[in-house]
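Just passing along the structure, written as structure tokens.
Residue numbering begins at 1 within each chain, and the chains themselves are lettered A, B, C and D in the order written.
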Amino acid sequence: MILLLPLFIPLAGALFVFLCRNPRVVVRAALTTGALELAAIGVTVNSIHSQGVLTAGRYLRADGLTSFFLISLGLIFALVLVYSSGYLRHVPEGRFSSLRWFYGLVFLFLFTMVAVYLSANLGMMWIFVEATTLASALLVGFYNTEGAVEAGWKYLIVCTVGIAFALFGTIALYLAAVKGGVSPESALDWGTLMAAAPGLVGGHELLKLAFVFVAVGYGTKVGFVPMHSWLPDAHAEAPSPISALLSAVLLNCAMYALLRFDAITSRAIGTGFSHTLLLIFGGVSLAVASLLMIVQRDLKRLLAYSSIEHMGIVAIGVGLGGALGLYGALLHTFNHSIAKTFLFFTAGNVREKFGTLRMERIRGMARSLPWTGGALILGALAITGMPPFGLFVSELLILTAAFSTAHYFIAVLMLAAISVVFGALLHHFQSMVMGKPEDVPVRPALQASWFVVMGVCVLCLVVLGVHIPAAFAAVLRGAMAVLQPAVLQP
Amino acid sequence: MIWAMNAVQVLLLILLAPLVRGVIARLKARIQNRRGASVWRPYSDVFKLFRKEDLVPASASFVFRLAPIVLFATTLVVAAFVPLLYGSALVGVTGDFVLLVYLLALGRFFLMLGAIDGGSSFGGMGASREALVSTLAEAPFLLALMSVAIGAHTGTIAGIVQWTVGQNFFQFSAVHALAFVALALVAIAETGRIPVDNPTTHLELTMIHEAMVLEYSGPSLALIEWASAIKLTVVMALLIALFVPWGMATSLTAAALAIAALVLLLKMAALVLVLALMESSVAKLRMYLVPDFLGVASALAILAVVFTALMR
Amino acid sequence: MGLFESAAARALASSGVFLFMTVLLIAAARRISTCIGLYSLQSLVITAQIAAVSRMHHSAQGFAIAAMVLTVKVAAIPYALYRIVEELKAPRDVSSSTSPSQSVFIAAGLILLSFFAVRPYVGVLGGDQAMLAAAVALVLTGGFLMVSRKKALMQVVGLLVLDNGIFLAALATTFGMPLVIEIGIVFDLLMGVFLMGLFVFRIRDTFDHLDVSKLRRLRG
Amino acid sequence: MTQVAFSLFLVATLSVPVVTLISRRWTKARALPAVLLMASLATGIAVAGAGFWDGQRFTVEVSQVASFSFALSVDRLSAFFLLLICSVSLPVILYSSSYIPRHYSGARRDWLWVLLPLFLMSMVLVVTASTAFAFLFGWELMTLFSAGLIVIDGDSEERRHNIFIYLLMMHAGAAAVIGAFLLFLPHAGNFAEMRASATLMTPALRTAVFLLAFVGFGTKAGIVPLHLWLPRAHPIAPSPVSALMSGIMLKTAIYGLVRFAFDFLGGGPSWWGYLALLAGGVSGLLGVLYAISEHDLKRLLAYHSVENIGIIYLGLGAALVFMANHAAVWAALALTAALLHCLNHAIFKSLLFLGAGAISDATHTLDLEELGGLQKRMRLTGAVFLIACCSIVGLPLFNGFVSEWLTFRSFLAGSELTDLSAAIVLPLAAGVLALIGGLAAACFAKVYGVAFLGRPRSHEAESANEVSWPMQAGMLLLAVACVAIGIFPGMVLGSLGALTEELIPGAALPQAAALLSAVLPWIALFVLVLVAGMAAFKRAKKLTATWACGLPGLDERMQYTSIAFSKPLRKVFSQVYKADRTLNVIPADQPYFPASISYRSVRTTSFERLLYRPGVDAIVAAAYRLRRLQTGNIQIYLLYIFAALIALLMFMRWV
């Protein structure tokens, strides 16, 4: 029953927020709810690691993988709430775009994502993944400007279409399971499927079909090229905290769904097919995104493309398979979440101070906004996988996997793409931080909350760069044990 | 005994150097139907200069005075490399050709600095031109020596000489011919003789060496003049020792040494004659033809090296 | 030619033919409201099929699903869309990038294609080939509508058709998924349509038109 | 014991930034960071000495706390380079302790004192790392910190462009290095494993490893044509940092190459050697030729780094060729030459950069055309600069000569090989080295002559004064090292021989040692002669005016300028420079008096134009082409999705 807690707290929070009118109360309520939710997640994770797999009824289930993703979700979410409390001081009052709506929708969004992680049933999972789109669409369109509306529409339509395919994939898997002799009512339960997977060899074609559809469907949500088109728009137009949520949590959420399917498929028909597919998607995303980063003009669009790139790297990690690849991939999702949150918060500050995100209009931050400028540089170093930050470790792990499995092409592609990304970010950020500030904006006092959040991010990144805590390593191993029962862990 | 012998050789070189210069000058004069000065003229020049005082430009630093000394000292040590009468030399036993080339370079480097230190435009001009010539001369110099060294399987000058003495003149390879010509051309450039440079010119714009020493006077100039005389002699002796050492004393008996001295004198005389004839029959090259001149030397030297490898 | 005959024959043999007709008609329709009506009709046919199937299998679940589909897809959603069209007070033509006749032929082509497409899978997936083909055809035409029709609302309609297709596929292959899942899916659909309606209004308010092909501010 | 000292050294160095930040406000403790850093460096020297001369080996293992297997261990090779780093950076820090406060204040000074120790630390990490992860960790940090140090020095469009090029090329190079390491997988745990597994590799794999290492480390070392960043990045750093970058940072690349080519792979086919020889020859010649054409002192010195790296590569190449021909003894000789030249270049190049710093400190310019006559105004600086010049030119009595001489001897030895190509190529390489040496001599005669001799060419030079004593002391230490090694190379040669014997099985260093020990006394004698001569000819001197053909009014502008000095050589080698001269004459009505003549001679960029531009342009063009796919049209986007689905379904049918 513990599992119901992290589900109900956000719902209750959303309800309360929707009801109350006083903005100050709203913020407080939001922070309290966040704290409660964090606690609930903590309890859940803890009990997962004490008792192993938790189940509540037929439809809720939590195992090591869940706990890993819940941890990153909780962390990022807490950061986002704290940041928003300082960031959203003046919002355009309008239908669906008031402070209430913001927090209400945010909590609904949170609810849907937690539900994705907790649902035992792939059908349920699909429903909630679709629900994440619905819950966040209004947030993307929050500012209600031309761009916001356009981005929101594209987000809604493109993702819904993509997800629809995922549904078809799910059905195909269901069919395969049923044909494989699994009882229809439990034929979508992940645990059951995992157990029955080796017996599903009969539905070889069907499983492939299922995975293709799922890959395209959830891949749309992960932001694989060429289904990525919604991603830059949504990230660029949403309020910065939401951009952070989308990039750091939602993408992981979709990747989580994909991981579940990949696990079943590769257990049933061997890793060959699904991993090849992931490698293809990952490679293409990596290459295209890294190139497109060169020619971006808008800071947040740039960051969005970097998210695509990193999801590509994660996909490659999973696709390379083996303990090392998966380990690296999971670690990379975590690192990327933190680094990207950090960067989007910084971008939020930039926007607040300069009133624009057009990079050619932003100059001389080193003088006008030393802290933000420094944060931008730190973030760039972190996101390009420089030591001593975590992404260096995870990218090196994935490279190691690539080399040790003799995927030289992938390895070369990855090294090249990373260099291109480095060049692109350097090129853009250098000119923003250096140079003469054309119009030095009045240097506003930075929120204390901002410093807290940034401090936490940097701390996590550096710690993960030089030393992986034993507890966290245990969590990672637990997650891997779920996906690869056979493979022995590093 | 042997040490004394080597010391004698060095002293011989140092003391006879001005004479060689004087002889060349006299011969040239005769060839050009002039009476010419006495062959002892260089000695008197040096002595006269030593007695004069040293004029130093006000702007010059200690380098200006250091340069001639370094030049002289390096030349002395180089002189100690070359066997004259007997197949060994003071440094020649261990001092190899690389050291020889670089010692000359050291002296030249300081002379260039001294020239620039003078603060006139001529000094700079001379140094700049010297830089060009010496830069291009260094490679063929080393390669030519190396080709011989490869043949002798040793790097030390004395070693090469001893090996060569052991060979029969008539079964000599083309390598030596090539190396000899290359080295001769380099020697001309090194010692600043026609057609690369004219030691007796008085037209500043054509000078190289003379332009460098334009500021010098008194003892400093004496050192420079003497050093260049020694250099000329040493290089000639080197050519002889490396390519036609036959007649050197193989044992340290008085008779053998006497014969060796005689032979050496003959060889020297022949070489001097050739030099004089050539200098009075060839015109000085334009500045920018010197690279071509040295290019030929380099080409020959490279060929020499390649042939030594091919003809093993 | 023989293939076309056979395709036609099979189609006639099953209720799939109605679906094909709705598909063709939607492709041909010039006015949004017509399309909505046709969509409702299409959903009705599917409902009938569900009812038939569940009658065969004597499953109460099936009837529940049928009822739900009836209320949501046949009644609620089309009604909501009608209201939106009314509210918008915007020109009601579908403003397609392909002429109606072209669209019809394309739709027909897609139907044929779907027959080809499902053939290799009939063995694997089982179920009635015509129904499968109809499902795929719905998916394809749904996609076609979304790509070719410029009006925001028509994209919604296209999406709905596509969704119908997938729903039908589920029906054709497995006799419906567990009830809870189905409910969830339909609920999602409902919410989705609601949101899209919302965005349609926003688009109208911000851009003063409903032509999604003109929403090209964000690119690169 | 040594292990403890080493850990102490690491901790002390790492503590310097902290101390700096803490004592920021405390004006009395200005010198504290410098002192602390120097103390720790002294410890480092002691440790390295123990490792290098006594051959002690030890390891500091921190894998259990690190996120990857992470260990530092010191064997002779590491110890040698550790010694190089510590002993050269100590005088540089001493110099900086006065230079930095004189030129930087407030936050920038603090940043310098924060980043300098970290920079040194990263280099120490690189040379002592014994796991791939540790190495790469330090490798990347080294680039970042050096870039940070450059950024501190100032900001302008050009500087930004240079830093950009620097970082980008370093990143690409690092990618190659990563590849080189990871190709050892699955045995890339630590160096010992890699060494062991290298013997089991397929030739193709070994070649791949070598080439990756060659490119990766070559980028850092700045061999032509990967040198593009070097003359851009080094001159714009603060002078002490330039000294560290040119003197030490480049050597870490040599260390890496030696590690890979000799330690791990244990040599390979002879074409590896020829490749290195080619790279070395080209880098040496072009480096010195570009240097001659410069008159900005620091950029000139940067180009000379390219040249000296070229000389080192000549040695390495020869060693590889010898190993391929199973001539271990000669290989040892060549490798010793290369390693010794690393040390020598580290010493005299950092001395030269410090000298440049002193010049700019005294005259506020680095343009040779603005200098002149400094020797009389900055006696000690001038003297040590002269020593450095002699050393870099490789004149006897100075350390540069020893290593170049060893290189020459190894080339001569090449003729003993039975392999014909080797017997031809190696001796000819001696010619290349000789040409390089000659050109270097010309270049530094120009540098020292124009900067320090003659009459001052500007008011700044006229009014220059000697620099502060810590700066002098720092430079003096390095100068002493130059002469000491130049006269008594035995100090390092013995242990270097031991080192090469460790690297090359069955090698010994008899000839070189014997020859040198035989040559040394005579060089000493030569010194005596020199001194005696100086004493003997102390005669009365009279100051006069410079001879001006009897005409009055000879002024300093009539002296040969640096451009004029190098003109003949530039004319002879015009092929090298031709690429970037532009002369445009705008004619007027009279034929002989055009309206305007503008002559522009850009620093050579032919490599950039021919090699880098096309690649970069291609990438950017591809990016723009891709950008067009992102048409804002949602219908197209949907089409992409459907297309992807169809494509995958077809792919599925095939697989």
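Just so we're on the same page, contacts are C-beta pairs under 8 Å (C-beta built on N, C-alpha and C of every residue); 3 or more make two chains touch, one makes a residue touch a chain.
Predicted model, so just to flag it, every value in this text is computed and none were measured.
> Taking a step as a move to a touching chain, how many steps at least join chain A to chain B?
Step count on the best path from chain A to chain B: 2.
> Quick check: more C-beta contact pairs at A-C or at B-D?
Looking at A-C and B-D side by side, B-D shows more C-beta contacts.
> Whole-Å distance, chain A centre to chain C centre, using C-alpha means?
Centres of chain A and chain C (C-alpha means) sit 32 Å apart.
> Could you grab the centroid distance between chain B and chain D? Build each centroid from C-alpha atoms only and quote it in angstrom.
Computed from C-alpha means, the inter-chain centre distance equals 36 Å.
> Using mean CA coordinates as chain centres, what's the chain C-chain D distance in Å?
Chain centres of chain C and chain D, defined by C-alpha means, are spaced 70 Å apart.
> Using CA atom averages as chain centres, what separation in Å is found between chain A and chain D?
Centre-to-centre distance between chain A and chain D: 44 Å.
> Give me the residues of chain C that touch two or more other chains.
143, 146, 155, 212, 215, 217-218, 220
> What parts of chain A, by residue number, touch at least two of the other chains?
150, 153-154, 157, 161, 209, 232, 292, 295
> Please output the residue numbers of chain B that touch at least 2 other chains, ranges allowed.
Where chain B is concerned, no single residue meets two or more other chains.
> Quick one: which chain pairs are touching?
A-C, A-D, B-D, C-D
> List the residues on chain A that touch chain D in their complex, please.
150, 153-154, 157-158, 161-162, 165, 208-209, 212-213, 215-216, 220, 226-227, 229-230, 232, 272-273, 276-277, 288, 291-292, 294-295, 366, 381, 386-388, 392-393, 396, 399-400, 402-404, 411-412, 415-416, 418-420, 422-423, 426-427, 430-431, 434-435, 464-468
> How about chain D: which of its residues touch chain B in the complex?
Its residues touching chain B are 373, 375-376, 382, 386, 390, 393-397, 401, 405, 408-409, 411-412, 415-416, 420, 423-424, 427-428, 430-432, 434-435, 437-439, 441-442, 445-446, 448-450, 452-455, 515, 518-519, 522, 525-526, 529-530, 533-534, 537, 539-549, 554, 556, 558-560, 564-569, 571-572.
> Give every residue of chain C touching chain A within the complex, in rising order.
121, 124-126, 139, 143, 146, 152, 155, 159, 162-163, 166, 169-170, 173-174, 177-178, 180-181, 184-185, 187-188, 191-192, 195-196, 198-199, 202-203, 206-207, 212, 215, 217-218, 220
> Can you name the residues of chain D that touch chain A in the complex?
Touching chain A: residues 65-68, 133, 136-137, 140-141, 144, 151, 155, 157, 160, 163-164, 167-168, 171-172, 175-176, 178-179, 182-183, 185-186, 188, 619-620, 622-624, 626-627, 629-630, 632, 634, 637-638, 640-641, 643-645, 648-649, 652, 655 of chain D.
> Quick one: in the complex, what on chain A touches chain C?
Within the complex, chain A touches chain C at residues 59, 96, 121, 123-124, 126-127, 130-131, 134, 137-138, 141, 144-147, 149-154, 156-157, 160-161, 164, 167-168, 171-172, 174-175, 178-179, 184-185, 188, 203, 205-206, 209, 232-233, 236-237, 292, 295-297, 301.
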